[in-house]
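A, B and C label the chains in the order they appear, each numbered from 1.
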Amino acid sequence: MFSFIPKEESFFILFKEMTVNIIEGAQLLKEMLNNFDDPVSLQKKIKDIEHKGDQKTHELILKLNKSFITPFDREDIYALVSALDNILDAIDASAQHIITYKINKITTEAKELGFIILKICQATDKLLSLLSDKNKYEEILEICIEINSFENEADRVRIEAISHLFSEEKDPIQLIKWKEIYENLEFVTDKCEDVANIIESLVVKNA
Amino acid sequence: MFSFIPKEESFFILFKEMTVNIIEGAQLLKEMLNNFDDPVSLQKKIKDIEHKGDQKTHELILKLNKSFITPFDREDIYALVSALDNILDAIDASAQHIITYKINKITTEAKELGFIILKICQATDKLLSLLSDKNKYEEILEICIEINSFENEADRVRIEAISHLFSEEKDPIQLIKWKEIYENLEFVTDKCEDVANIIESLVVKNA
Amino acid sequence: MFSFIPKEESFFILFKEMTVNIIEGAQLLKEMLNNFDDPVSLQKKIKDIEHKGDQKTHELILKLNKSFITPFDREDIYALVSALDNILDAIDASAQHIITYKINKITTEAKELGFIILKICQATDKLLSLLSDKNKYEEILEICIEINSFENEADRVRIEAISHLFSEEKDPIQLIKWKEIYENLEFVTDKCEDVANIIESLVVKNA
């Protein structure tokens, strides 16, 4: 598979495969939150997507070890791959907790977070697509700002949701569960912001 | 604004502006905790300071992209700027939670943490001031140790406060709120320690 | 002490001392969890081990500042030393919370986590032992995978334990305590995984 010196482009193809997989995970999570008919089977599908992501991560690291030429410094590619992997882990953890906590009804705010998560994952995919083109650096920085805005938006929704929770929910155990679900969902957007920060740093480094 | 090759010093001026802004945020937080007359307006002021910090962060990253000469490796400056930004985010989150949780009285331990936060932010400012001078590396490492001590002190106060909370507070919802407030306040000192670690690593790298 | 140019090997000796110290901490934690006769004195011993770890960390950073030749890039050694230090901090925090929360009986799942923690710390020690040998890179990547598996295993135990907790525990304050104890214990394995990730990145970088 890696018998010839791989072209730089093949890294970008693998990045793209990772972000396509992330979007699929985000879509399943949104579906799980919006239509709560069969959350268990959707959570299993998300777990499968997460395993697929682990394999792609492993594949990229092997490739990194066997490549003479890399599009960026090897340790930066490693950091980027790890950060992409963390997004799916966070999506998986969000879905997992909803099942573990035996949640039986999804709140409006959780649905809203699911919507933002899909949007921010799509922006992250767009970001990675632009990375192969040195002339697109201005556009890359714009999408980094867009990702920051989505993260701020998710943060605002989480704060409002938790504020609402403390006003309304009298059962402390339900409160603990929901507080963590909101935090988990918002955490997905933090992980996308990490990717944006790594790419922003990459652009700065190679400016 | 960036039409000439910027001098290295201008980075240090921007660092200084960031730490002065951080100290202002820490002072407002301390004021909010000590004199709980009008926490809402103080929280708004902290939010403004945090926005100002975001602008300065953005300005520094733009500068980084347009500079031929930088005082340290570009990615290290980026890491440092991000870490400074995180301090204000943590101060803002602490103030935000006190309002969101409709806290109506501040404990002694929270005030104590507010005091340590101001001290550690002042030490962080001092650290950045020394960074421009290659002969001050010994002094820099000393202040890194000082910052570590403040963080340990905040950790000790947090542990005692939470221990006290679990002994005294019988209402689980109040307990959840206060546990998180203590954790948020202590987290500010973790973020200052991150800056100290980045600078320690910088010094090591350029030794 | 550092009057001659230190040989590269002396770094590996210091790494080894750090991981031997970590294993000692993990053994004390396992003992504390398995035999709950005198947790307070065991927690004090863990605290001593943690202080010893801080001293070794400081020693290594000083050495780094005085060395002309280092086995890897200076900033990577710094990152590795910090990550090793974090493992002991996490072990110490786990023991600390068990005392602070006045826990009087240890659950099967907590004992299980203590067992995994010892295993993963032993694997981390093995990883560091191999680092000095450039021909052992394949073996290193295998142990990284092993460490990943232990972390996954700890994650699974934590999820099951917390799921069990939410089904059985009706007292929200006990629930808060135990949820955090499980999270703290699992966090130790996250910190070992961080070390594995840094070493994986090192191997990739120097491939």
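Points worth noting:
The definition used in the following text is that a contact is a pair of C-beta atoms (placed from the backbone, for glycine too) under 8 Å apart; a residue touches a chain by one contact, two chains touch by 3 or more.
From a predicted model like this one, the values you see are computed outputs, not experimental measurements.
Here the chain-to-chain distance from subunit B to subunit C, counted in touching steps, is 1.
Of all residue numbers used at the contact between subunit A and subunit B, under half are used by both chains, marking a mostly different-residue interface. Subunit A maps onto subunit C through a rotation of 120°, based on Cα atoms and reported in steps of 5. The mean-CA centres of subunit A and subunit B are about 27 angstrom from one another, to the nearest whole unit.
Each of residues 172, 176 in subunit B touches at least two other chains. Against subunit A, in their complex, subunit C makes its touches with residues 159, 162-163, 166, 172, 175-176, 179, 197, 200-201, 203-205, 207. Here subunit C touches subunit B in the complex through residues 61, 64-66, 73-75, 77-79, 82, 96, 100-102, 172-173, 176-177, going by the rule given at the top.
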